[in-house]
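Two complexes follow with chain A in common, the first pairing it with chain B and the second with chain C.
On to the complex of A and B.
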């Protein structure tokens, strides 16, 4: 990279992305247990309080091979890629798979996964999809209790209220630190690039949070001391499906865009809300999850759009890119309603449908470059 | 001031030499396997027609699929921006452009200066692009340039041909041939299929006249007439629809050279490079 030197601690985050599974493997080697997590409604705090490492499963940009024998080829390429990992033994270290009630294909892993990895227990947290409603409290709390009981059984360690409160405190700290890191992107030019921010958020989601918090404090110090990078070009917000590969953001920044904000479940969605440690810790988790209307599988949709527009203002974004993974129906359903909301504010939007295996990237580059040229002042 | 625009497309390479806004020379050649060779060959061919060399150019801009690798270009611009810019020069008052190339189609909206205001592009599949017409022409042993007029001989929309997959369309056409269906009926069907496929793109971007069609398929009257009928507007076809992108690139090159002259040749501001070890633009 040209320009001023970048914070050295970023290399630690990049190393995590190069081989994310090294983190749970090291945890196992030290005698711990690991829970694979997919989607944001199976609270990691409960797993951490039981001494387990929550591992938000990342994929790899490879074509789907084995999973097509189990799932239709018109379903999410990311989830099919994860099932490939299950089938070829790359996830053999998992002691539990914790799923959420989000999209069809994630939900249905409850049936499919046990056939591919018969020895790994699978638990589905059946979260309500209509959120911001106090009426779901009793039901949702019962689901969280059931999840806690299952985690206790798998880990062999009870989850007491104090332990859970400690876990929430640790996670809230991570979320606060990540929010602070992201805040540095409000500046012009932002203090860290879109790719750097993504790498930080994604690696932090994978790492044990005590270790991550230590690295994030270092990053904040180094960012404050460093010269801001050179950043010309339109400021862009990226929203959409699960993104587990920095390649798309790299391409946006290669063609001259500056990604200043992202609304993704691998990044800002997991740290957008804090639980707090007041009162009953399960109740605190419910309050947080009930506000997490950030996935397109949840309602109300307009609350999500309100947040995107608030982020456009907060981060001074000139344009929005909605990224859809191939066959990610929840987000594809939202494309046109989102366009309407943004059009009303004269904010340019481009809608992409992207292959998880990076297929079609040549044409994608043309689209992204044309979009950046379009929003660039001439 | 003389500038050069080079458009390395999926099927053809195009080059345009421009002097003070006037077209000096242009060339179209088939794209070889090597984009650098194609770009170099077509640039030299166009320059030779004008009696000029690369060194005479005030600036050079590349576009098209091979735009990133053109070694002698100072800048690359997407073909979407270039088609809008080029069409703006050739078709006064143009606001909507349908570019139908060899491997993809784009519907583009632009303002009075030729700057893109929105666009949509076909999905990955090349059905509905020029390449599919080439396959149909080969199958029916019709020269590409005769395909459009022959398709117009059929009174209606022709026999149904798949618009979503060239491989399916191919097997459909084979069975029509076995049944003895007239060539004009089959070609009319293929043109209808292609027109209906790109119609959706124009509808998504929204049609505002003037409406221009660029790219190689603009030469296919069978497709153009059907599109006009479906959209209810007359399409403006530039005299050389294939060189619109290269012309746009040459105009961008002129703007680049003018900016450089104004800045006292301090060079363009460096764009931030990516963190990865991927290519740069």
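On to the complex of A and C.
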């Protein structure tokens, strides 16, 4: 994105992503406990209420080495990369690994992790995959209670209703601020680029939320005061697998696209819904998570498609890019049905299957360039 | 079926070793034909998975096209390249499960081979299931879109809890099965609970019989070939609840008992006993019997689990049909995470007196390859039996290489034989 100076506070978010693990290491050095989190159904609010720092595990674009001995190379490279981090000691600061019932390979970490990291307990929140149903309430609430009990045991601190309500309030504020930041991308031209939005959302997911909220308020102030940037190509929505590296978005914007919206686990999916503080806080978390039909491992699938179509409208997207990590089966199966639904609305889609280690990025640039050139800006 | 086999360009299937298994094969063909008959009578046909409780379908007289069975047959008949290709032309990525690509290809093709014209009927409804992997539920999207049919997903929790199965999980899955019934009732079917209890009692009787058959199969020398075991494990899916089915399996048990009594094995001079823990080579089915030329028998293999017929009879109480089915499914060794499967294979290694384990890794499977290493370690620790882990896409024939697979198995057999010789 060209034009006027960018908000200075963005540098603080960028600094977080240069070494995300510095955040949990600092927390740990101050005497706190840290829980690695993967994916979006292990509620961070419970961890925060127990005084733990939830750390949504990010990967790095390196080739997988040690983890191949545990998970075959035909399985998700992102999960194998995270296991690599564990095996070479980069996650030694974790006091707990909190998993969710999502894709096949994430669920397998429940088997593999205890072999690789026997001193770090692992807990899987066995969330229902079928959401938007009142019928899962009793089951899901019991799973949330079990998670709370486990967190209490690991942290040594009880999670009282009031403390949990406070945590929800803090997280809801983060989600509201992030929604406001993202709302500025609806404008034409958008007030921040796709890469800037990604960096902000991903870094916010990693930071303690009280600190993140402070930075987000500053960002909103600076964005409101800033001159809008200039020079734009077609407006693009990016959806797909877990994306923990801004390189793809940078490439899209370098070849002339403007990423105005993203539907990703590391960005808008984690702040799409708010829990509220009415009534029992676990019930509030259930109400929020029961609406989180944002991962391809959840059902009904149509709800995900509806959200993407709604985002296309809301952010005035001219085209959609579906990014799939190699061997990410849940999202790969959705490619064609998504194409069909977008074609019905005359919205161009390109589908990418990409290695987590950036393999094939050279070819990808050529493909993206051709796609962006083909799309007519509205 | 045999005419089909002649028409397709593929390696020949093995012939059943046991007479009664031949009879099962014919029964399977009849079972497929019944779906067409029901369709012609105007009954809505359901496209579904073998890993949903067939007792519910049978109690409601629902004609079912088991998509994953047809996908497997496409591979068995040497047609995987063709049907995977059709699925890929429709946009299904080549990196997703080859069985489900075959399934999508068969279900969405504009023209099908004769066998599938007989076995496939255009579905009116779809019932998907996320047990035990994502492909089971996600591959349905293509079929649902193709025919514009109503569909419903049954959500099965994984067995993540230590110790006893918690009640909230049983209640949830039982509720999911009731939801499946409600979906079918919305589309014209009626549930007769008494009938469901009968179906479940039948399953219990059949599974008890299957357990007796398994005990026979543990004998040395192995009385049943790997191919016959695969047919016998899948047959109940289509044979239906009839006295004839029980009679067939009683005969199988009796034939096996007779062989055990006489000390007759599937090979003359049994030297090694193998366990197959990956997806079996559907596109070259004779590979499961391949090692027999070296006196090595695959005494147990994974397909017997994949057929969805291993519900533990001890967990089935016909008086509580939905809860029984839920409990049995949650405790199914296939249900992730891998602990159940690993324990099952360790037990099988002991009970079947296994000398070596073949861990075939199918490139497009997200579920089994990630548990192979742990299984290997667990078997080694518990029994000292070695495992070889090797790549084998035995479903998509375009990715299958018979010569290198034979070489891998032969090299492993050499090691096992040398090991045995040294030990004796």
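The definition used in the following text is that the second predicted complex is superposed on the first by the 372 of 378 C-alpha atoms of A that agree within 3 Å, B and C clash if a C-alpha of one lies under 4 Å from a C-alpha of the other, contacts with A are read in each partner's own complex, and residues count from 1 in each chain.
Definition applied: contacts are C-beta pairs under 8 Å (C-beta built on N, C-alpha and C of every residue); 3 or more make two chains touch, one makes a residue touch a chain.
These figures come from a predicted structure and were not determined experimentally.
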Q: Could you tell me whether chain B and chain C fit or clash when both sit on chain A in the superposition?
A: fit
(Q) Output check: A:353 vs chain B and chain C. Expected answer is one of first, second, both, neither. What do you get? (A) both
Q. Given the touch rule stated above, what does A:378 touch, chain B (first), chain C (second), both, or neither?
A. first
Q. Which partner does A:250 reach: the first (chain B), the second (chain C), both, or neither?
A. first
Q | chain A residues touched by each partner, larger count belonging to chain B or chain C | A | C
Q) A:297 contacts which: chain B (first), chain C (second), both, neither? A) second
Q: Report for A:332: first if it touches chain B alone, second if chain C alone, otherwise both or neither.
A: second
Q: Identify the partner contact of A:158: answer first if only chain B is touched, second if only chain C is, both if each is, neither if none is.
A: neither
Q) Between chain B (first) and chain C (second), which, if any, makes contact with A:142: first, second, both or neither? A) second
Q.
So if I take every C-alpha atom in chain B and every one in chain C after superposing, what is the smallest distance between them in Å?
A. 5
Q) Common interface residues of chain A with chain B and chain C? A) 353
Q: Under the touch definition given earlier, write down the residues of chain C that touch chain A in their complex.
A: 90-93, 95-97, 130, 133-135, 137-139, 141-142, 145, 153, 155, 157-158, 160-161, 166, 168-169, 171-172, 175-176, 179, 336-339, 342, 361-367, 369-374, 377
Q: Could you please specify the touching residues of chain B with respect to chain A in the complex?
A: 65, 77-81, 104, 113, 115-119, 121, 123-124, 269-276, 278-281
Q. Within the complex, which stretch of chain A touches chain B?
A. 1-3, 6, 193, 195-196, 199, 229-233, 246-247, 250-251, 253-256, 258, 348, 353, 359-360, 362-363, 366-367, 369-370, 373-374, 378
Q.
Please output the residues of chain A touching chain C within their complex, sorted ascending.
A. 69-72, 74-76, 101, 103-105, 107-108, 110-112, 115, 124, 126, 128-130, 135-136, 138-139, 142-143, 296-297, 299-301, 324, 326-327, 329-330, 332-337, 339-340, 353
